[in-house]
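My questions will all concern the structure given below.
In order of appearance the chains are A, B and C, and numbering begins at 1 in each one.
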Amino acid sequence: MISISGLIGQIFAIALALLLAPVLSGWVGQCRAWFQNRTAPPLLQPYYMLHKLFHKDVVLAHGASSLFRSAPFVVFGCMVLACAIIPALSTDLPLAPAADALALVGVFGLARVFISLAAMDVGTSFGTLGGRREMLVGFLAEPALLMVIFTLAMIAQSTSVTTIVETLAHREFLVFPSLAFAGIAFTMVSLAENARVPVDNPATHLELTMIHEAMILEYSGRHLALIEWAASLKLYAYSCLGLALFFPWGIAEGERFSGLLLAIPMLVLKLAIGGFLLAGIETINAKLRIFRAPEFLGTAFMLAVLGLLVRLMLEGSA
Amino acid sequence: MSATISFSAQLINLFAALILLLAFAMLAQRRVMQLINLFAYQGLALCLSTLVVAVSTGQTHLYWSAGLTLLLKALLLPWILHRLVRRLQVKWDVESLINIPTTMLVGIGLVIVAFNVAHPISELSSTITRGTLAIALAVVMLAFLMMITRTKAIPQVVGFLAMENGLFLAATSATYGMPMVVELGIALDVLVGAIILGVFFFQIREQFDSLDIRHMERLKDN
Amino acid sequence: MDFFVLMLAIPLVSGALLTVFGERAWAPNLNIIASLGTFLAAAGLTAEIVANGPRFAFGEQFFIDSLNVFFVALTAFVGLTTSIFSGPYMKNEAAHGRLTIPRLRLYKSMYQLFMFTMLMALTTNNLGILWVAMEAATLTTVLLVSLYRTSASLEAAWKYFILCGVGIAQALFGTILLYFAAERVLGETGNALLWTHLVEVKGELEPTVMALSFIFLLVGYGTKVGLAPLHNWLPDAHAEGPTPVSAVLSGLLLNVALYAILRCKVLADGAIHGDYAGNLMMGFGLATLLMAAFFLSRQKDVKRMFAYSSIEHMGLITFAFGMGGAVANFAGLLHMTMHSLTKSAIFFAVGHATQKTGTQLMENIRGLIRINPLIGWGLMLGTLAILGMPPFGVFASEFMILTHAMKHHPWATPVLLTALGVAFAAIFGKVQPMVFGETEAKRLPHAPAITPVFLHLGIVLMLGVYIPPYLTRWFHEAARMLG
């Protein structure tokens, strides 16, 4: 049954995601600037960007099909859905039954397919190159992500994200070696999926190395705005997922409204720390050559598998 | 149920997992210096896990083994190796030949094998650290793999020493440590072995002008 | 003073002395005198055990019974003759400029320490110490194998160290598992690795753990025995090390490693009902035998060829012990003795022959019988003995193994016969032209020591014709212990 407070919580979560996601991107950018001794852009810079882009006209390439035009909306929709089903604030969400971890991976995969197809749609060489690289990264990152999820699912005995979060929040184990493995693997996958250093660099347009930026070169105006927003939503979604899975403290359970209110500052705090650390990782690592990316993701996959094995062996239920 | 495992056991499991992770990191490491550092960290993790076992079981001789591990494997041997590397000027020796992702996949396969082999034994064990036996076996096998796939002399020796680490982990985890005499003997053998190998490095280099084992393929049957 | 303490103390002390004073003129004599002292002490100990039965030493840490006292006597004896042989041999090497004085010092001190580690491995009651002693034996022989410091000898020593290191690590894992199984029965006392305690409770040891443990122990110590597939170090180490080292490696170290396996087999048999351990050993033994036999014909280096012959015989002995039972064990023990004596005699002869001709390549060694009839005949007779020709003792033991296999494991007979046939053709075909044939000779600066060769062959011949009753009794008792 959908409770009123659940419904409010759900709407609230989506709204919060839409609002917080650009801020998170802005925060990471700010931290990076600090680390690199640059003058930091304002925290709300992504908002200014979005505002600017929404007021610009859309310029479409000549050969662009309807796929090219619809892709930004699909991608944005996918990301909003992902943010809606990740229990960032509360586990008592009406969409919780849909919050299957595998479905979540599927949602991300759908967005990836659309944006890659759209990139190839116009027929420019950069778009095709970016699309191909994106598929390569996705092809390697997805199994690793699935392995991480399986490890967690084995602990919770369910693939539902809400159940996993609830179980982990109440675990009696203090140190799960498998969780440590899975956590590192998840971080590596997140870096790759969100086009971050060391796999990609969101701040560069150097042709030879870029992945994500190469795909969206042809977009402009509100389409670009949606894609940029979707990208920050993706970062937000991954951050929330990571925080919910590995640091599930402070997430509201049950129907009490007070819990929800307490959860918001907790989430903001956790996101702030997470963003700070992300900027740190990006600063101390050099971008890998694109041919080394498979090795990076291979390591992530290996760690995830190790986590699963260690889970089986050390923490087996026997 | 797993929930009943005590805190110390969890800590030991954590350290064991760390040792396994370090074994993999060593397998993936291309630079000699980093490899030696990883080996030192592994020794440290081993020492800490032994210490936790010692505290939680009250076996006094384990304190000695922990101290011995720290001294020998985390400090002395890495120090000797570091000195050797500097003296031999092979600091920038980078492994070129092996395909690391493939090695990793083989490594995962070995871990699965090790877990399967050790599973029936872990079932029998009543010690708090039973799961670690499988990890120990896995570490031994990974070190073995490293020795096979490496072409330079020093990484081979680090592999050999890492194998000893795995064995030591097995000894503490499965049995709370072997009798003290035996452990002392093993430590002595390892130390003497490492020193002999150190001497060897110089001789090999004198003869072959390199520490690349691939030069040493003259002795064959035909 | 206690014979046992003397036996262990003499090589240890003299090893230390030789480290310090090894460059003095009397050092080679000290080496021989120490070996003689060790042998006398071992003989005294043997007499004591034969008269009074098994005994302990140093609390329960050492244990000598009829099984290992037999190996102890053999080890001390071959150790003595090898030291006699190595006196002139090493002087010749030094005269040829292949060795310097400090290397000779290293050789002598390591030789004594090697004897010490082997005697310790044989007499210890603690399976952990057994491992430690085996590893120490590896370390001392690594230095001995690389004595010439040529690229080939370094390569051989490196291979030896790495392979045996890996093998011995497996053995340690096996020992840990064994301890793990024992601790559940004997409790957390220091006794859980003592063989005498283990053997009393062998029926209660956990079969799953023991099965796994025995595999690791067999593969681990098997590496040192030279069992396939981890035998690669053996031909290299034998061919590139000094000949006395080849003699003690083949004649003694392989035996000691096999002894370790036998001790563990007794425990495994007790824990696991059925022929698990025996079948494993039979499989490894046959594979080794077959592999070695076919490699024999491809050899060009004489020491390498006889190294493969050692692998072959170790395979056969492992097979014999794998069959189990009083007769097969008896044959196995007899064959070990025969092989030790014969093979070391062959290496003595080969050593002198290679020194005379200045090469180890068989195609360049010709007409030994003209150069030095004694060496020529020694090599020929030794070869005939090792190939199992009557009336030498090897024939008796091989015959016993074969007939026992025919009776109880007929499937193995064709394999055994093929391997022995191939080995015979290969070795005899190569040794014959070496002994007879044309050559031009040169004189050695130091007269070779021929006595050890014929002493060994004489004993082998005698045992082939007549085994004294007390020796039979002794073998029987040891064989019974092995179950």
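Rule of thumb we're sticking to: a contact is a pair of C-beta atoms (placed from the backbone, for glycine too) under 8 Å apart; a residue touches a chain by one contact, two chains touch by 3 or more.
All values derive from a computational prediction rather than experimental measurement.
Colleague: Please identify the chain with the largest separation between its CA centroid and the CA centroid of subunit A.
Modeller: Most distant chain from subunit A: C.
Colleague: Out of every possible chain pairing, name the one holding the most C-beta contact pairs.
Modeller: Looking across every pairing, the one with the most contacts is B-C.
Colleague: So what's the Cα centroid distance for subunit B and subunit C, whole Å?
Modeller: 31
Colleague: Taking each chain's centre as the mean position of its Cα atoms, how many Å separate subunit A from subunit C?
Modeller: It comes to 66 Å between the two C-alpha centres.
Colleague: Centre to centre, by mean C-alpha position, how many angstrom separate subunit A and subunit B?
Modeller: Going by mean C-alpha positions, subunit A sits 37 Å from subunit B.
Colleague: Which residue numbers or ranges of subunit B touch two or more of the other chains?
Modeller: If we look for residues of subunit B contacting two or more partner chains, we find none.
Colleague: Which part of subunit C faces subunit B closely enough to touch in the complex?
Modeller: Per the stated touch rule, the residues are 61, 126, 128-129, 131-132, 135-136, 139, 142-143, 146, 149-152, 154-159, 161-162, 165-166, 169, 172-173, 175-177, 179-180, 183-184, 188, 190, 192-193, 206, 208-209, 212, 235-236, 239-240, 295, 298-299, 304.
Colleague: Please give the residue numbers of subunit B that touch subunit C in the complex, ascending.
Modeller: Against subunit C, the touching part of subunit B is residues 117, 120-121, 124-126, 133, 137, 140, 144, 147, 153, 156, 160, 163-164, 167, 170-171, 174-176, 178-182, 185-186, 188-189, 192-193, 196-197, 200, 203-204, 207-208, 213, 216-219, 221-222.
Colleague: What part of subunit A is in contact with subunit B in the complex they form?
Modeller: 172-178, 180-181, 294-295, 298-299, 302-303, 305-306, 309-310, 312-318
Colleague: So in the complex, the part of subunit B that touches subunit A is made up of which residues?
Modeller: Its residues touching subunit A are 1-3, 5, 7, 10-11, 13-14, 16-18, 20-21, 24, 28, 100-101, 104-105, 107-108, 111-112, 115, 118-119, 122-123, 131-132, 134-135.
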